[in-house]
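Each structure below is given as structure tokens.
Next, two complexes with chain A in common: one pairs it with chain B, the other with chain C.
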Partner chain A sequence: MNAIIYKEWIKTRRFVLLLGVLFAALITYIFLWSGQMMEASGAVIIWETIIGKDMRLVGYIKYLPPAAGILLAIVQFAPEMQSKRLKLTLHLPVNEGKMMCGMLGYGFTVLLALFSLSCAILMLGLSVRYAHEIVMANFWVSLPWFAGGLFTYLLGSWTCLEPVWKQRIFNAVTAACLVATLYTDQMSGAYATYLPYMLALLAVCFFFSLYSTARFKDGVQ
Partner chain B sequence: MAIIQCENITHYYGNRLIYKNISFEVKRGKILGLLGKNGTGKTTIINILTGYLKPRSGVCRILGEEMEHLSPAAKSRIGLLLEGHIQHSYFNIEQIEKFYSQFFPNWKREAYYELLKKLQVAPTQKISTMSCGQRSQIALGLLFAQDPELLILDDFSMGLDPGYRRLFVEYLREYTTAENKTVFLTSHIIQDMELLIDDCIVMDYGRLLLHEPTARITKNFRRFRFQATATPPQTPVLWNTEKVGHTWETYSFAPAEEVRRELTSAGGEVSRFVEEKLSLEDAFIGLTGKY
Partner chain C sequence: MKYKNIIRSCIIAATTLALLWAIPSLVSTATYSSQNHPFVYFSSVVKQFCFRKTIGKQTQRYDAAGQEYTESQFDSIMPMMYYRQLALNGLMPDSINGAAVTPQIIRSNSFIFRYRPSEMSQPHIGLYVLLESMSGRANLQSPGDAFRFKDKIEFIDILANTVDREKSELYEKELNKRGYTFPTQWAFGDFSTQKSFDEGYFALDASGQFFHMKQVSGKPFIRNTKVGDSISIAHFSMLNVSNKRFYGFVFDNQGYMYILESPSYKLRKLDLPPLSLHGDDVLIMGNMFYWTVTVTTEEGKKYFALNNETLQKVDEYLLDNKTNRWDKVSSWLFPAYITLSDNSSRFVQPKVHFTALTAFALNIAIALIFAIFARKKVNVAFHAVYILVTGVAGLIAVLITPDFK
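The block that comes next holds the complex of A and B.
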């Protein structure tokens, strides 16, 4: 397993570092922006707007997690599909399912760590100036966005690993429709009841890539 | 004992027949070359053998295991070279060795670095920046370090200049002979195969044309040039008889006298009858035809 992680790290390390920088830059921007807003308009108006008009302090981060997810899937699996390099990977003396779970697990863990850290820093930073209720409302509103990043990673991997272009387009469209449901402008906390289903769906999506790998293995064209 | 056994393999791409009921086996310690024109399915056979293509029917066994369900233990005994010396190009020379070494308990690190000494490359050079020739040496070094019982090499000469091709063949020949390895390979450059292979399988569209020791083909298969007063007959003894300018040519495993007898069996006369020894490449043309 260490060797698989080593390979994936060598392949993706520059991109992972870039993601780290991007998230850090955006979080810094959110802190500066919310701080400046507070200075300019005063705490009463800002609090009123947040509570009364459901203003999202973390709104700027909305599309970064899904972009990170899909790009990590491409960085990780496009080189495997280029010239059918995946054959070399699957020919290694390790159970093929274990190999693919290791590769997917690496990407999933990297994103989960990045998203968790970003979310924790955001909430801690916001809690300096805002009430617990406002911070929690922003947490619940950002949760589906971060989950969307994990979905785009798993569904992006499923699409990248698919050997047939027609089926790949179908996978991409299906993935886009599924992920879009997480980005509708609902009230804060609207997704809270959807969360257990989201987690179950994530677990199912993990296995989609194994299906694409099995198709690759059978030489489906 | 057979290291590779294929039984009644039939495969189609869509409605196009690639093979029908082909069977062959490769004995331990043999170097077998798969020859065939473009599109006769050489890479398809490699894909079926290594479990990356499910044939319509039939079964292949490698090291006694069915190709679709090769165990990790069996895979560790099989070295695979993909067409074009494809490797994980995001690694550098040191990283790829470190990566592969973790999968094989009997990894021979020194075999890899010994081969790479001759390359004018830094250990930190990325594989993606190397020429195809340099990548071929990396691939060969990794195979030697893995030290597998069976090597499957798909079009090993693809993209290599004559120097690298010769280098590859010489190293491979030395290694396989010294270590009693079994090799199954394809190449579109048949001169290289002649230096290397013990047996060869010649593929034609949809079928296996011939499976013979290379020595038997180069020793017995001959080209005959002649002039004839009538069109020569088509018989099983004569291969790909055709007229080139004013002269006819045909190929045969039969001795000259028998060929002459066959040619005149339809009543015509034959003159300027010349027998020629053939290289493996010429023999391949004689067996499969020019077109």
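The block that comes next holds the complex of A and C.
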């Protein structure tokens, strides 16, 4: 299993590094933008707009996690599907389910670590100039966006690993519907009540890729 | 693979759930049609409900008795609504119903209030801003601090992002002295600075007592309104009315509505039937003679005219909702569908809505067609039953999730 995870790391390390740089750049931009806003409008106006009008400080990060998720799925699994290289992996003397879970677990953990670190840096940075209630409001508003990144990774992997192109389109449509539930424009904190459903869906979606793998192994064309 | 069938079932279930939300959302947007109810206002001159309805370029103006009016006649019978137009045309009467009127008098006695059910169920950041109630300026000024008010009261200096101990202790001491019990259940206020005075906040404490808190000359002003002794308070909406007759509207748990009079904290009940606080919208357009109250329910709009002094009902009118395109389409397409948010709450939470049994006709038809034409005979019965229950969404989920041997 360690060898599989190492193989995944070798395959994706450059892209993971690129993601790290992109997140770092965007977080820096958010801090600079927030600081400039404070300078231009004054802290009192900004606080009052946040309290009264639900202004978001982390809005710029909205679409980066889902983009990161989908791109990691492509970087990790598209090469496997080219020339059907995945067949070699599936013929190794390891249970195919365990092996796929290991590969997915690697990508999921990498994204989870990246998102957690980004979220922690953002919240720590905001806590310097804002009360913890404002920090928490921004945490709650960004939570479905980060969860969206995990969803796009799992559902993107499911779509990439699917051997039939027509089916890939169907999978992508289903994935779009599921991810769209996290992007209905709502107040900060509105998704707190959706959290249990989100976690349950995330747990279920983790195993979708195994179905595509089974179809691939069975030689479905 | 061992759990292939279980995973396939999970994919079908997740796809069905997503489509039970996505397809009705798209169809609902595509079939949106307005109820096109007229604008309704109670006339203080003809003393009945008057209506203005626009269809295309044609605007009809009429009263409840069916009498039609021209635009200028309509202005004249609705001076509380069109006083600016009347003043502009030099047609403003000196008195109405024996009371002297000027545009200033009408303006200071008029208000518009709106209640939406989502007010009772929405996330709150947990921070508030307390303005100086009478700053002496035309517009109020921001205090430079915010406060948290859940388990204790704590003022935060915005520039330093630190707790202002002195101010916090001053307010905490005063709250304790007045018998306030933490934690606060909820607090409502309006910290907009575009007004000439501020009444601070009204808060329900842990023991169900209703407190008024504002800042007067830099000092805390805290009073127990004692309203909590007479009714079980569900909600309060503050309204800064120019004549300072009342602080806002109190709703009790039975759905009755009251005004909280200023400065006595006396409750005055509105002569309205109990509202569904989680479903009904309320719009009140008040003037010095009558209040026109519009209660929007799922069935239609109920209009009530209340006497401004007594708050007793003088007239009522009902306009039923017409069956709109979405109602017609959904009652044939979806016996049930899912929404993630609706008017009753601003939280995201999946809710299942049931429409009509007629939609099962479509479910039966597509389940039968599936049973007849399904290529693979394995699990056809199970899938047909699944489609019968879940309808179009289930059919699409089954069709796009491939089965294989």
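We adopt the following convention: the second predicted complex is superposed on the first by the 221 of 221 C-alpha atoms of A that agree within 3 Å, B and C clash if a C-alpha of one lies under 4 Å from a C-alpha of the other, contacts with A are read in each partner's own complex, and residues count from 1 in each chain.
To be clear about the criterion, a residue touches a chain if its C-beta (ideal position, glycine included) is under 8 Å from a C-beta of that chain, and two chains touch if they have at least 3 such contacts.
Keep in mind that what you see is a predicted model, and the values were worked out from it rather than measured.
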{"item": "More chain A residues in contact [chain B versus chain C]", "value": "C"}
{"item": "Partner chain in contact with A:L178 - chain B first, chain C second, else both or neither", "value": "second"}
{"item": "Touched partner set for A:P93, first chain B, second chain C, both or neither", "value": "first"}
{"item": "Chain B versus chain C as contact partner of A:D218, first or second or both or neither", "value": "both"}
{"item": "Chain A residues contacted in one complex by chain B, in the other by chain C", "value": "217-218"}
{"item": "Chain B - residues contacting chain A, complex", "value": "13, 47, 50-54, 72-73, 75-76, 78, 80, 82, 84, 86-91, 95, 98-99, 102-104"}
{"item": "Chain C-touching residues of chain A, taken from the complex the two chains share", "value": "43-45, 47-48, 50-52, 54, 96-97, 128-131, 133-134, 136-137, 140, 164, 167, 170, 173-174, 177-178, 180-181, 184, 186-194, 197, 201, 204-205, 207-208, 210-211, 213-215, 217-218, 220"}
{"item": "Parts of chain C lying in touch with chain A, wherever the complex brings them together", "value": "1-4, 7-8, 10-11, 13-15, 18-19, 21-22, 122-129, 142, 144, 146, 148, 156, 158-159, 161, 191-192, 340-341, 346-350, 400-402, 404-405"}
{"item": "Interfacial residue positions of chain A with respect to chain B in the complex", "value": "2-3, 6-7, 10-11, 79, 83-85, 87-95, 216-219, 221"}
